[in-house]
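Note that chain A is present in both complexes that follow, paired respectively with chain B and with chain C.
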Partner chain A sequence: MSLSLEAVTRRVGRETHIDRVDLTFEPGSFNVLLGRTLSGKTSLMRLMAGLDVPSDGRIVMNGEDVTGRPVRERNISMVYQQFINYPSLSVYDNIASPLKLARMAPEEIRRRVHEIAEMLHIEQFLARQPAELSGGQQQRTAMARALVKDADLVLFDEPLVNLDYKLREELRHEMRSLFATRNTIAVYATTEPGEALALGGTTTLMHEGRVLQSGPTEAVYHHPLSVEAAKLYSEPQINLFEAEVRGRELAFSGAASAGEQGSRFVLPTPLAGIESGAYRFGIRPSHLGLAPLADDDLEFAVTVDIAEISGSETFLHVSNDDHSLVLHLAGIHDFAVDDAIRVYAPAHKLFVYAADGGDGAEQHGDGALIRSPERPTTTGGGLA
Partner chain B sequence: MTTRKRLVMTIYLLFLLVPIYWLLIMSFKSNQEILGGLTLWPENFTFDNYRVIFTDPSWYMGYLNSMSYVVLNMLISLAVALPAAYAFSRYRFLGDKHLFFWLLTNRMAPPAVFLLPFFQLYSSVGLFDTPLAVALAHCLFNVPLAVWILEGFMSGVPKEIDETAYIDGYSFPRFFLTLFIPMIRPGIGVTAFFCFMFSWVELLLARTLTSTEAKPIAAVMTRTVSASGIDWGVLAAAGALTLIPGILVIYFVRNHVAKGFALGRV
Partner chain C sequence: MQRTHNNRAWWLVLPVVIVVAFSAIIPMMTVVNYSVQDIFDPSTRFFVGTEWYREILRDERLHDSLIRQFVYSFAVLAIEIPLGIAVALSMPRKGFMVSLCMILLALPLLIPWNVVGTIWQIIGREDIGLYGWALGQLGIDYNYASNPADAWVTVLVMDVWHWTSLVALLCYSGLRAIPDVYYQAARIDRASPWAVFRYIQLPKLKSVLLIGIMLRFMDSFMIYTEPFVLTGGGPGTTTTFLSQTLTQMAIGQFDLGRAAAFSLIYFLIILLVSWLFYTAMTHQDSDDA
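Then we have the complex of A and B:
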């Protein structure tokens, strides 16, 4: 069972919701669609499900064109962000309904319903009505109904958004184990980079109805191929600044950011080999530091805007006339607003992108990735 | 509640109940007593007035006729309005909002406007003086109302439930009958109640579109005017009996109506 979308486009009125999407999903794979609200994740899922028909392009399942086939005749299931169950049926009947419609033998239905209910820890609620369950239990019921019928394709449209933190962690963890042994294509939409990383598999970045990048989660995270992809796959958002490379020198665009060494630096060794020209540099908030780690770290002279302390971490927002940066620091750091401080960016952690209309853009395209940092060798990473 | 509040409430309720009380005691009095003077309780308590109604077919057939067209109208209105309301709540089509509003404008015209066309049409197709004629005529104002109320309830059901059902493999009719209708049961209760109410109290169309065979009770009641004057007691008994179906309907849908007022578009 494989699924591929070929130049799938969906237009509604004058708006293009999905723009020429080409994607292939392998059997047994777990795929995450990551994108902001309105980026087209739900629209794309509805097309995959057959709830909507694409304006252009083909949807091919197992080598068979299923583009116009109604949803009833496809073997898929879907879990929504809202907790969708049939309120007039008991939890048992809710889960059993797809099997009953498939005319399965009653003993087999009973066995399967109990099996899946046990996996999702709702077997003690089977006799209840969905309205008598908590949100988490309702969503488990919806998931059980989606998983009970061995669908070829299971779609999850931000299923954990309306749940509290603890439950999300728990269900997210279960999600992966539920699919570990199945030969089903799972597609999971989320707005959170952290969730995408935790779920693993492959990640597809969606932006304004287009696929920005698709590939194994790790690869996409460590090599976001465009500025937009880097922005999407970073939480808090990746820091971006413009600078120019002139021979053996690197200079910040804009004049105000003079540090001790001014706004000009000797081109750091890790960046050697980059041709002269204007570039956009990106660095993840956790890689910025308050002290230099190496001689060739880039230095920013900034003032503190706000320090958000969340538990044992601090998100420090700083800026000067040219730059606005966020630091993700471990531990609690107290800063007063308008404190003048220096912030250091290790050169080997920099992403380098072609600046719009810059010299690199002619070769690589606007905002294309030119250099990404080496993969971290330690196990530390995650969202860092 | 303070004593004063309770007092005000009691006075208000008594005030509301006075006409109904008067109707009831009149129905247990003889004509002489009704015309004789003011008595707060029947001197000679009598069931004669009710006996007249339950023994004379021209009286009790009036009730049966009224009931038959009211029930018929409720069934037709619901049968027509359920699919229509579903379409309005689920699909966007050309002019859907205009059509929805236009439906409501049917309620704005006085029924007298439609009297002549209905009368002529039903006479020529042989529907005149049948319960079906009145039931169909009442659809004029009950169907738009039913669509309006049901649409509100249906829009309260997330569209994703429909989609989940199709994904699970339900066919549309099966989904609609076994899953969707139970979900909007309060809405159907409220709609049925309003259809009943408007059809039950409507007099103009009901009287004009019938003559003898399907005469409604309200029209029958005008019969009591005779050469010997008005038969007040029987008239009061007939009036008291017209309250009963309404009370029964309200009793059965009271929970739904309360819920319906809170949820839907009433």
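Then we have the complex of A and C:
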């Protein structure tokens, strides 16, 4: 079972909800749609399900055009953010309902329901009513109902949002193993970069109804091809600053923002080979540090705005006249507001993007990725 | 010393006690008082114990009227509840038509009982009434004044016309409270419209239906004005329901003691049946659960 969307567009009234989306899903793959609220994730899923019909483009399943085919004639299932179960049926009957509708033999239904209930750890609740279960158990029931019928396509629309942190981790982990052995296409929508990373498979970044980038999760994470993609796939959001490369020198665009060395640096070795011109640089919050790791680290003189402590991590928000940065530090750090500190950005961790309307933009397009950081596992930092 | 009692708190309860006393307890106890006496005039009364009760329980006229009342109330429920659900299901879910439907449905509810009776009394007349005349033209012999079945049908139609809206509006509000994703999930499950109704809509309507059934039962069990305006309870006594029998007894015959005993029994019947409905429907809930 494979699924491909070809230039799928959906317009509602004068608004375009989905704009020329091309995507292909492999059989047995786990695919994450990552995007902010209203980026078109749910709209796209509704099109895939056949709940809505695209205004333009084709949807092809197993080589067969199913564009206008209604949901009743497709073999799909869906799990929602809300816990949707039949309120008057027991957990067993809920899970069995799609099989009963498919007129399966009672013995086979019994076997399958027990099998899936066991996998999702709800076998002891089969006789209960959904209202008597906790949120996590209700969602497990909904997932069991979605998985029991061996659908060609299973859609998850932010299914874990309404669950607490611990349960989310647990279910997320189980979900990966549930799909490991199936030939089903799973599509999972989420707003959280961390969840997309944890689920693996492929990631598709959605923004304003368009696909920004799609590919294996690792590759998308390490090489976000545009500034927008980098912003989406970073939590907290990636730090961006503008700077100019002039021959062997790198200069911040702002007036007097940097530390001891002023706003000019010798072009760090990892950036050698970049042509002169204006660029946007990006660095993930976890890569910024309070101490230099190498001589060619970029240095920022900043003051502390706020330090948020979350669990055993600290999110440090700092700024100066030109820059506003976030650091993701391990451990708990104490900072007073307005403390003057220095922050260091290791050059080999920098993303380099063409500045809008800058020199690189003519060649690569506005905000296009020119260089991504080296990864410890690979030698080169080239594009995947 | 620690004071756990503050007697001033009684003052806070007093207003409620006064209201309840005047609205319920005192009238009720007056009725109880009447029901054990034989009253000739305000100064001539005798204590008769449970005699009225024994007499009422053996009274054929009351038995007939009670049976008519039950048949009528169950007929009302059997028509109005399914019809109300059907109307609610066929109402649009959004758009300007929603407000239009709501207004049309609410209109009958605003009309007083005696006006409803008068409307149907006129509309059902063979000579000047639209329906009566139309039925006559179709060759149907319809006359509510002489034919008991016609009178029954007219009183039922009146109630259905007047009160189905209430059930429909209640159900509509219940249906609107079901999130769209339920319907979407059902479509994905390839559930039939019947399955959607049986397993999603009906369970979600249970609580509003309970209210609807109770209200319609209690109200139809107390029906007085409509048959009174239409035929005065006739032809014969065929549309004389409990409350009219009671009125005749209390005001027509000035049989206060008897009427008081009857009122109490009437009250207990409504209480009992309502309780039965309530427990049947909520018990089913816990059975399911």
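The criterion applied here is as follows: the second predicted complex is superposed on the first by the 376 of 384 C-alpha atoms of A that agree within 3 Å, B and C clash if a C-alpha of one lies under 4 Å from a C-alpha of the other, contacts with A are read in each partner's own complex, and residues count from 1 in each chain.
FYI, a residue touches a chain if its C-beta (ideal position, glycine included) is under 8 Å from a C-beta of that chain, and two chains touch if they have at least 3 such contacts.
Nothing here was measured: the structure is a model prediction, and the numbers come from that model.
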**Report entry** Superposed partners chain B and chain C on chain A - clash or fit
**Finding:** clash
Query raised in the report: Looking at the overlay, does A:Ile84 come into contact with chain B only (first), chain C only (second), both, or neither?
Result: both
Report task. Check whether A:Gln129 is in contact with chain B, with chain C, with both or with neither, and answer first, second, both or neither. Result -> second
Query raised in the report: Regarding the shared-chain residue A:Leu101, is it in contact with chain B (first), chain C (second), both, or neither?
Result: both
Report task. Please work out whether A:Asn162 is in contact with chain B alone, chain C alone, both, or neither, and reply first, second, both or neither. Result -> neither
**Report entry** Which superposed partner A:Ser324 touches (first chain B, second chain C, both, neither)
**Finding:** neither
Report task. For A:Ser372, select first, second, both or neither according to whether it touches chain B, chain C, the two together, or no partner. Result -> neither
Query raised in the report: Is A:Val71 touching the first partner chain B, the second partner chain C, both, or neither of them?
Result: both
Query raised in the report: Should A:Thr191 be classified as contacting the first partner (chain B), the second (chain C), both, or neither?
Result: neither
Report summary line: After superposition on chain A, the chain A residues reached by both chain B and chain C are 49, 51, 71-72, 76-78, 80, 82, 84, 86-89, 97-98, 101-102, 145
Report task. Would you pull the chain A residues touching chain C in the complex into a rising list? Result -> 49, 51, 71-72, 76-78, 80, 82, 84, 86-89, 97-98, 101-102, 128-129, 131-132, 145
Report task. State the interface residues of chain A toward chain B in the complex, per the touch definition above. Result -> 49, 51, 70-72, 76-78, 80, 82, 84, 86-89, 97-98, 101-102, 142, 145, 149
Requested in this report: Could you please specify the touching residues of chain C with respect to chain A in the complex?
Outcome: 179, 181-182, 184-185, 187-191, 195, 199-200, 202-204, 288-289
Report summary line: Listed in rising order, chain B residues that touch chain A in their complex are 158, 160-161, 163-171, 179, 182-183
